[in-house]
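Got a structure for you, written out below as structure tokens; questions coming shortly.
Note that the chains take the letters A, B, C, D and E in the order they are written out, and that residue 1 is the start of every chain.
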């Protein structure tokens, strides 16, 4: 496999599932290409790219993180391919029947959410501005998977996660039906180098084959 | 007096060369941080209620963790250094495990052991300041234990024998001879543990979450700021640096005797 | 012989009580981890190329960092313990700063100092294994330095005086008396530094990124797995635990002399 | 197995002058010490012998720092070490004062605090007076507030002796207590030791000191070669080494 | 300020028997040592005095472990310590053998390796033979492979002496080298010291040893109170302390 060309794809860790599947499929179709996923928080990845990291493709958790990115003097081409929506979920062991779902201020109840500033945190802020859920103890997690884990384990009683995360958790969590179309992020991808393999992978993310994969995971169409 | 000091450390020149190299690795990044810090804006970035709250939480958590480590870590170090029992070398190593584990794993382990769904019972520790103290203690204590145990290994046991011959029973002997003879190491170990607790991030956020005013310590504040306002993150780091420098320097000079 | 051992540690009962408490804090979480681990699935979770690659990267990075810390950290500790110079107490404290800083900040500082846009020049270190080694070294070295410096403070200086009187010049004296007399502490400090380097996460990911096969060490692998496949994260943690236990136990028994 | 620990009251059973009955073997790696002797209350016993013959080991067994392998030791009216019955009285409960061959002054305490250590540990009153008297007896009162690191070799040794004497125990175990002390102080201290009246076991390489004791125990390579009055040994030394000692 | 370091060649300039010219003052906290004396090559000087009079401090100044405050020390043909000219020759370059009041054996080395230490440091050949001869001279050859922790007090002191003697330096500085050695060995070792022929400065509390030296330097409280042949001092002791020493 040493004669394969490596393509470094910087992807947000919230996209790990999706991009692992895309990687497998793309590599099956293009055996000479080795996709290398470099995962991290979107901001960290963006900062590393700004600091000169050699990324071929960048797929952050929100398209805004592609703003103002230039490569070799040219503005890059940000291409939207999916959306994802923030929803409120609860641990399946939490009794939700007969209680006011908009009131989570009771003694001892913990609600997890993404910290301010990261994409899912901004979307959560939008949701909370629209639907005034009352929250008691709130823990600000560094990324959305951390929120999901805390709710799944039952350490937190409820939380705000993407639809894709809720689906991935299966029966461990329940959907509280608290969501809003405006509380969503738009995902975009951009090739940062003019290598054909890099552009080919970015193209692939926008292909119908990829769309099917993404839809299965719960992403919406842009 | 003066003549003796000049260049008479008795250390070979090669040692100074390598020491300078080591210094470089440690100091260059700190210099970078200092040079690029947003000095002009520093006060604005730091003078918020949020900062004060984080400082308060950090001090409470780190001091409690250091105190906790001191109270249970020193006895544990004595037992490990002085008592022979089967399986000791495994136990001794288990004690150092939190040093090796990535903090996230320590946090996960804490959830399993002391979390709300722990097999050992429900403790209501996550998302509480007590939980943050527990996480910091687990991460910090091994430093103290290793520092103290190392010192115990090099103390001449005949001093305690002598104390026994003078009629001192175990507790008196321990308090008046065993402990004071390794005081510098206990102080150093406590300072180490405190420093580690102050900088603790991964285990805290995994186990105790990031609840403002309750478990959001300075490192968590720094990490939150890092994604939103990098300048504020650097400013907060400088603040942490200043706090720890002040504490460490004043402790060093007051408590640690020079030979 | 036997009679002497039984209960004759000379430690007061209270010490055992507190030691047990300390043990509880350290052991309960580990037990939780062990009990809830996905034992039946362990082999499947671990037997991937990705795991092997991460192990390889981790071993290279942690061993290189431990070696680097040893080579420059021991001389630095000697200079700090033995040489008097102005500003020494500040320098001494600066050396311990990476203990206090949250690893993310250490990573940022490394970017400022040794990054591609460093004011000190371009080093091409980020995203390279060398960069990961540098990050791990910066975080790990203070452990070694503190451990060794503490030991130096309690060595009787008359041994080195005696060596000088026997005609040994500084380098010979240092190598044959200064170093061997604190060998247990040097070994302990190196093990500490190695352990800390093995568990290093924050500074590495910030400074050197998370590049598979290059800078993705086991902790980075664990953290990546934790958000997607928690079972795999726990399995990987157990692997790290096993690796470090094996290394620590074998080192302890072979290298650290008992009194 | 072990005797219950109630030393503070047990101490009171031991008379001011304790007898010793020792008949034991102590095995350690390459070296075996075999001794059997009795000492009547108030007597002084000099222990002499070449370097490495087992003098310090003997004192260590009497003081309780090294348990015997077989046989038994009785001090005063009770057995303090007897593997057969499982008796082992800890050093702090033996009512002896042991002065080690090396000073071993506690480095973190002043000279005064070193001498007061044993008194304090046993909550004795008027410590200050007793300590100062003991320091004066060895001529070290002027250094009461010094730290051990600031003393000369002989000064440290004298403080170590005072630290043991101040306890006024019924049995004194002294291991070469005057080896670094100057002749003048040596003479004064020897005289004040003689006036103490307690049972004393004194290891010494000095013939003058041995000569002043009631009896002399000579050991060589872990075995007793003579146990007699000094006069008897001087008159008829049983070994060449003893002859050289007293010549 | 400081002399260039080229000791290995400098050592060769020092004759086998080094003379001493000392005339200095050494000030330390509460204590001041003021001495002035010459010693001709090959002579032996006993240093006597009460505990704390400054004997060890004097040797420490000659060996280069404590620099003098004023005045100067010459060993052999060169100044080794002279604050006025900024001269200070380090201990390892002084071509002296200093045996400290305490054994200070390197705990991590065997007895043999301890004795070979100085030879090895100076890359001397046939170390093994020399070391074994030195150990035999103090009667410790049987313990060549022991660790220092396994030696008795007197045994350790003898090894420490052998470690200094083996270097065959032109000046021996011995601080109470036989205080814990038994009488028989003491006599043998004193005899072999006399046969060495080097210049020797020996601190001692033993009148027999002082009597065998060419001259006796008596100090008290940091000041010289007598410097004369032993016979002269015995005949007419200038102080009560000296009278007591030789009586």
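In the analysis below, contacts are C-beta pairs under 8 Å (C-beta built on N, C-alpha and C of every residue); 3 or more make two chains touch, one makes a residue touch a chain.
In this text the structure is predicted, and so the values were computed from the model without any measurement.
Return the chains shared as contacts by chain A and chain C, ordered by label.
B
Please find the two chains that have the most C-beta pairs touching each other.
Summing C-beta contacts for every pairing gives the maximum at B-C.
Between chain C and chain D, what distance separates the C-alpha centroids? Give it in angstrom.
48
What is the distance in Å between the mean C-alpha positions of chain B and chain C?
Distance between chain centres: 14 Å.
So how far apart, in whole Å, are chain A and chain B when each is placed at the average of its C-alpha atoms?
That gives a centre separation of 36 Å.
With chain centres taken as the means of their Cα atoms, state the distance from chain A to chain D in Å.
Using C-alpha averages as centres, the distance is 79 Å.
Using the touch rule from the top of the page, what residues of chain E touch 2 or more other chains?
Within chain E, residues 90, 102 contact more than one other chain.
Tell me, which residues of chain A touch at least two other chains?
Correct list: 146.
Touching two or more other chains, which residues of chain C qualify?
In chain C, the residues touching two or more other chains are 111, 115, 164, 169, 173, 226, 230.
Please name which positions on chain E make contact with chain D in the complex.
Counting only chain E, the residues touching chain D are 29, 49-52, 55-56, 101-102, 150-155, 158, 176, 179-187, 205, 207, 241, 244-245.
Please give the residue numbers of chain C that touch chain E in the complex, ascending.
Residues 156, 158-159, 161-169, 172-173, 176-177, 180-181, 183 of chain C touch chain E in their complex.
In the complex formed with chain B, which residues of chain C make contact?
5, 9-19, 21-23, 25-33, 35-36, 68, 71-76, 78-79, 82-84, 89-106, 108-115, 118-120, 134, 137-138, 141-143, 145-147, 150-151, 153-155, 157, 160, 164, 169-171, 173-174, 184-185, 188, 191-192, 195-196, 198-202, 218-219, 222-223, 226, 230, 233-234, 237, 240-241, 244-245, 248-249, 252-253, 256, 259
Which residues of chain A touch chain C once you look at their complex with the stated criterion?
8, 13-14, 16-17, 36-40, 44, 48, 51-54, 143, 145-146, 149
Given the complex with chain B, which residues does chain A contribute to the contact?
41, 43, 47, 108, 110, 112, 115-118, 137-142, 146, 150, 153-156
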